[in-house]
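Here chain A shows up in two complexes: once beside chain B, once beside chain C.
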Partner chain A sequence: MGRRIVIDPVTRIEGHAKISIFLNDDHSVADARFHVAEFRGFERFCEGRPLWEMPGLTARICGICPVSHLMASAKAGDAILAVKIPPAAETLRRLMNLGQIVQSHALSFFHLSGPDLLLGFDADPAGRNVFGLARANREAALRGIRLRQFGQEIIERLGGRKIHPSWCVPGGVRAALTVEGRDRIKARLPEAEEAARYALGLMKGLLDRFADEASCFGNFPTLYCGLVAPDGSWEHYDGRLRLSDAQGNILVDSPGADVYREFIAEVIQPDSYLKSPYYRPLGIPGGMYRVGPIARLNLCDRMGTPLADAELTEYRQRGGRIVSSSFWYHYARLIEILASIERIGRLIDDPDLRSDRLRAEAGINATEGVGVSEAPRGTLFHHYQVDRDGLIRSVNLIIATGQNNLAMNATVLQIARRYITGPTIPEGVLNRLEAGIRAFDPCLSCSTHALGQMPMVVRLVGPDGDVLHEERRD
Partner chain B sequence: MDRLRLATVWLGGCSGCHMSFLDTDEFLLEQADVAEVVYSPLVDAKEYPEGVDVVLVEGAVCNVEHLAMIQRVRERTRLVVAFGDCAVTGNVTALRNPLGGALPVLERAYLRASDPPGAIPEASDTVPELLDRVVPVHAIVPVDAFLPGCPPSGPTIRAALERMIAGEPVDLPGHRIHFGGYGQPPSPDGAEAMPSRAFRGGRPRGD
Partner chain C sequence: MAVTTLRLNGAMISAREGQTILEAAREAGTRIPTLCHLDGVSPVGACRLCLVEVNGRLMPSCVTKAAEEMDVRTDTEQLREYRKMIVELLFAERNHVCSVCVADGHCELQNLAEELGVDHIRFDYLAPECGVDLSHDRYGQDDNRCILCTRCVRVCDEVEGAHTWDVAGRGARSRVITDLDRPWGESSTCTSCGKCVMACPTGALFHRGASVAENVHDRAMLRFLITAREEKRWTV
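Entry: the complex of A and B
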C-alpha cells in the first residue's frame, strides 16, 4: 500500500492551507492535493446589512487586498444606484488600486517568495524568511520593504489609513488627494521605479538558475481570464472581461461583468473550503483557467507605458506570446509593479485628483448589481441583490485566488511528480511544493470568504491510507 | 542579552493585523538584533516552539484547529497578546454567531451560493470542523494584553513592541487604544506622555 505525506501548514502564504501527497508502493506519486482550511461565512452574514456598509465590511475579507474589495463592492453599489460616478472619483479609485497592486506584489516578491528565489529553495528553513533575507542581502530586503511602503502610503494618503480605509462608497469616493499627499507620492516615485527595475534585474538572472523549477511549477496549458482595456492595453480597474484559450484565442469578450454567471461555474471539493470555479462550457478539467499577473499579461496587447512595454516585449521574447508556467507569475508581477508606478506618475498631476465632485448621490434604482475589478491576484466579482431599501438580500463573491484553485492543485501534482523519487523526501522538495503554491500568491482569507484561513500540512500517505510522514504548519 | 523570542499566530482573521505588523516597515529589520521571530506565517517553522516570550495572536477562535492551537500557544508562551479586534472581541469573524451555529453559514456558502450547488466540505483531517460560536481569544485562554484596532496601526504595534522588548509594561497613550478603524486621531507626539491604563501588559522578561 502507498502512503500520504502532508505539509501542514504551508508557510509564507496568506492564509491556512495544507498539501497532501499520495504515494504508490513504488514511491511514485499517485496524486497530490491542495487543501484550504479557512472559512468565515461572509456570504451569509452580509445578508440584511445596508448596501452602504458593504465596501467597509467586505474589505475585512482580506487585509492584504482590502482595496480590491472596496473597488468591486463600490462598483456593485454604483450599478445598484444606477449611476455613472464622477470622472474624478474614477481617477482617484484607479490611483488607490495602483497603490495596492504595488504593495501587494512587493509583499509577494520580497517578503514571501524572495527568500526562496534569492536564498534558494534548499536554504536553511530557519533563515528562509524576510528576516534571513535581510541578513543575507540587506539591500534587497530594504528595497522591498520600502516599495511596499510606497504602495501603502498611496492608500493611506487617499483613504486615511493603510488597511481597511472606508473610502470607496457606492457612487464614488469620500475624499480627494491633498496637495501634500500629491507632493509626497511624487517625491517617492523615482525610488519606487528604481526598486521595480532592480527587482526585474534580479528576476531575469533567476530564470536560468531556476529553469528546472520554471519547467514544472504549474507549467501547463489552461484558459486565462481577466480585464482588458478597450484599446487592448493592460487593465486593472474596469474594461472588457475576457477569457481566452491556451493559445490566446478569445472565448469570451464582454463589455460588462453581469454575464459572469453564464460562463463561470464552481465545483466544491470535499477536502477544501476553497471552491473551484471553471469555464462552464468546457467543464472540468478542460475549463480550468488562471487569473492574475500571467493571465493579464497573456490577455493584453501591450502594457500602455514605455518602460513596462519594453519589459513586456522582453518577457515575451523569453517566454513566448502566451506564457504557461506559473513560475512566471513572479516575473509578470514585477512588470505589473513597474506599469503601476508609471501610471501613478501619469495620474499624479491630474487636476481631477483634487476635485470636489467625488460622489454621485442616488437612492436604490436597481435591485441587482455586479462589480468587477482586477485584484492583485486576479479578477474579483462582487454580486449583490438588494431590497427596495438597499438591504442586502444575497451576495455572491468570486475571488481571484479561487479561480486558480484547479491550477494550484495541478501544480502541486506536477511538482511532486518531478521531484519525489524515493521513500524519503528532502525538506527542499517539500519547500518546492509550497513554493509552487506561493508563485500564485494565493490569498486564502479572500478565497474562503465563505469561511476564512490557510494553515498548511503536507502528508505522505501510503496506498492503505496510512499517514507515513507529516509536516505541519498551523 | 538573549533576543526576545517573538511569535505571531493567525487564527480566524483577515490577515490585516499581520499586514499592519509589516507596516512597521524598517523597524522590522531594526528590531532583528533584539527580537527574533521564531514562529509566524512569515517564517517556515511548522511547529509552534517552546519558550516563546511574546506572541501576537490575530483573529478569533472559530474552528477546532484554532482551539488546539491557542491552547498550545498559551502553554508555550509567557505573554499572550490579543492582537486586533477579532482577537479581542470576535469582531467581523463573529458576525456569524447570531445566525445559529456553523451549519446555516456553511449551507449558504456551499449549497445555495454555489453554482451549481455542491456539498459542504467535510474531509475532517484536512478541513477543520467549525465551532458553533466564534469566540475571542480570552474566552479560551488567559490573555496578558489587549491591542485593539481593526487593525491596530503600524505605529501602535511598534510602540507596543518597543515596550515589550525593553521589558516594560505596555502602557499605551489613549490615542493608540481604540476599536475599529475610524476616527484615528492625528497622533500629536505630546500625547505619548499621557499613558493610559486601558491597555496593560505584563512584563515579558526579567521577572
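Entry: the complex of A and C
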C-alpha cells in the first residue's frame, strides 16, 4: 500500500464522515473507504423499554428522519399486538410518509446537492451552498424551499407543530387530520406539483452536462431491494418486499418482511460503526445491494399515477429498464416527489382522514415483530423481540444508509479511480467524492450542514502511515 | 376557631388553627413550589421543595404549622438556589430522558425544572439500573422516573384503602414496590382503580400502552374523588 488521502468530514451529508483513499506507490488508487462513526449503540438504548415507547424513542435517537422510524416502529408494534390497524390509521400514516418523502427529497435535491448540480462542482466553494444557489438561480432555490415546506407542513398538520415524537403508535395513530389542515394541504398541491415538474426539467438538462459524473458516480451492477405494491406499482409504506439482481430478475418477492433474516445478513466493518447488510446467498461483494429511489424505481413496474408514470417512461428511455448509476438517485428522487404529490392529491379528500377510529387496542399477542417501510433513503427495518409484558428484549434496526454502505464504498473507489492520478487533490475532485456519497443522501448527523460551507480536512498519508500533507477547509 | 397572624414576605396574613404555612400562603395567594405534597392525603415532608425561611431558619412549609409571630420568607436567593439544587439532584438520581418520556409535557418535575431555571445538572448522574414493571394489564411503573415522593403510597392507602404500594430499601436504593415486592400484575391488593397513576407527579406511573408524551395524570378526577370523600358525599 502507498499513500493515503483522508477527507474529513464529508460536507453537506448531514453528518461526520471520513473518506480514506489508499494510493499505490505510483499514485494509482488501490482502495477507498468511507468511514461512518455514527449509529453506535442505538439498539442498546431500547432494551427494557415498553414497546409503546419505541416509535418515539427510535424517532429521537435516529433524528434525521424521525417520521420513517415512526412508521417502521409502529408497524413492528402492530405485528406484536397482532392487529390490523383501522383503515383510517393506515391512510393517515401513508399521508405522513408521503409528506416525509417530499420534504426529505426536496432537501436533498435543492439544499444538499443542488449547489453542486446547478452551480457546478468547480464553482467557488464559498458560494457553493443554498445561499449561493439563491443568488445564481433564485427561482430554483425558492421553489425548492417551498416544496420542502409543503412536505413539512403535512407532517406538522398531522403530528403537531414540533414534529410530534409519537404520532404513530403500535395499533394506529394518535390524531386525525383537521378540516383546516386538509384545506391547507389541498391549496398548496398545485404549486408543489409545479415545483416538482420544474425540478424534473432542470434535472433532465443536467444529465447531459454531468454525463461524465453519471458514468462514474457509483455506476456498477448491484442488487436492489425495496417494497413494491401487490399490483407491481411503486410503494412506500407497505407491500411486498422485493429483491432483484442487477438485470432486474426477481430473487425474493415476499408478502411479509418478517423473513428478512433468511436473505439479508449483516457485517460490521472494522473501521465503521455502520452495519453493512448484504444478500446472504451471494455473500460479499456479490450480495451488495442498493435501496432508495433508484432501487424502488428499478423494482416497480409503474408508479401508479399518470404524471409520474410518464416521467418513469422517459427515465427508462434515457437510462434503461434497470438504472445502475447512483448519480441517477437525484433524478429518481424527483420522480418520487411527483408521485408523492399525486398520491397526496388522491388521498386528501378521503373522509377517513378525519375518522376517530384510529387505534386498535390490544395486548401483547406475539413476542416478536418486524416492521418495514420505505424511508426516503430506502427500506427501513425494525425488528423487535419483547417479553410477555411488552418490554423490549432485543432490537435490530436496518437503516437505508447501512444498506447502501457497501455501494457507497464502491462509489468512492470508483470516483477516486476516475479522478485521482497523483498525490494532490484538486478542489473539484474533493467535491466529486463528496457528491458521490451525497447522491445516496446518507442520513448522517445534523441537517444544519445544509446551510453552508462545512469544514473539511484533507490529509495525505505516506506509505508508512505518516501524514504527508494536510489541507483544511473551514 | 382560633386565628393566628404571621408575616409572609413582609405582609401580615392570617391562618386558621392547624393550617400549615403552605396552606396559609396559598390562601394568601402566594405560590410555594411542592412535589411530594398532594391535597387530600397526609403530608410527609419528603421532597423539601417547599422549604421556606421561618425567622431565619429553613422549614418545610407543607408540614410546618403556621404560628403566631412567624416571619416567613418564601422566595429568597438561598431558597431559590436550594430548590434548584433539589430538582437537579432528583434528575441526577434516576434516569430521566424527558424527550422520550410518557409524561413529557405533563410532568411536575419537568415543570419545576423549567420554573426554577434548571438548564443543566451540576451533579454526576448516578445512572442506576432500574426496572420497568408492565405486568399490570392497565398500568405500568418505571423506576427510572420515580422521585420517591410516596404520593402513590399515600393515595392508595388513604384514599383507596388498598395499601398496595410501599417503599423498600434505603437511601438512594429505595424504590416503590407493590405488595411484598411482587409484580404489580400479581398484586392481590390492587383494585386497579388508577388513583396512584393520577397522583404520580412524573412518568413513573403511567397508563399501559401510553406512548411518548401521551400520559396525562388526571388530577381533576383525583381532586373530585378526594373532595367527595372529605365532604362525605356518598355516605348513607
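The rule we apply is simple: the second predicted complex is superposed on the first by the 445 of 474 C-alpha atoms of A that agree within 3 Å, B and C clash if a C-alpha of one lies under 4 Å from a C-alpha of the other, contacts with A are read in each partner's own complex, and residues count from 1 in each chain.
In the analysis below, a residue touches a chain if its C-beta (ideal position, glycine included) is under 8 Å from a C-beta of that chain, and two chains touch if they have at least 3 such contacts.
Just so we're clear, the structure is a prediction, and the values are computed from it rather than from any experiment.
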*Please work out whether A:Glu266 is in contact with chain B alone, chain C alone, both, or neither, and reply first, second, both or neither.*
first
_With both complexes superposed on chain A, which partner does A:Gly390 reach: first (chain B), second (chain C), both or neither?_
second
*In the overlay, answer first, second, both or neither for which of chain B and chain C A:Gly371 touches.*
neither
*Answer with first, second, both or neither: which of chain B and chain C does A:Pro55 touch in the superposed model?*
second
*Thinking of the overlay built on chain A, is A:Ser166 touched by chain B (first), by chain C (second), by both, or by neither?*
both
*asked:* If we overlay the two complexes on their shared chain A, which of chain B and chain C does A:Asn431 touch? Say first, second, both or neither.
replied: first
*Check whether A:Gly402 is in contact with chain B, with chain C, with both or with neither, and answer first, second, both or neither.*
neither
*In the three-chain superposition, say which chain, chain B or chain C, touches more residues of chain A.*
B
*Between chain B (first) and chain C (second), which does A:Gly114 come into contact with in this model arrangement: first, second, both, or neither?*
neither
*Once the two structures are superposed, pull the chain A residues common to the chain B and chain C interfaces.*
57, 60, 164-166
*Write out the stretch or stretches of chain A touching chain C in their complex.*
48-50, 52-53, 55-57, 60, 164-166, 169-170, 174, 361, 363, 389-391
*Within their complex, state which residues of chain A touch chain B.*
7-9, 11-16, 18, 20, 33, 35-41, 43-45, 47, 57, 60-64, 66, 107, 111-112, 125-126, 128-131, 134-135, 138, 141-142, 145-146, 148-149, 152, 160-166, 261, 264-273, 275, 394-396, 431, 443, 445, 450-453, 455, 457, 471-474
_Show me the residue ranges of chain B that touch chain A in the complex, using the header's touch definition._
9-20, 22-23, 25-26, 28-29, 32, 36-37, 41-48, 59, 62-63, 65, 68-69, 91-93, 95-96, 99, 104-106, 108-110, 113-116, 118-123, 126-128, 130, 150-151, 153-154, 181-182, 184
*Which residues of chain C touch chain A in the complex?*
99-100, 102, 104, 131-135, 137, 140, 142, 185, 208-214
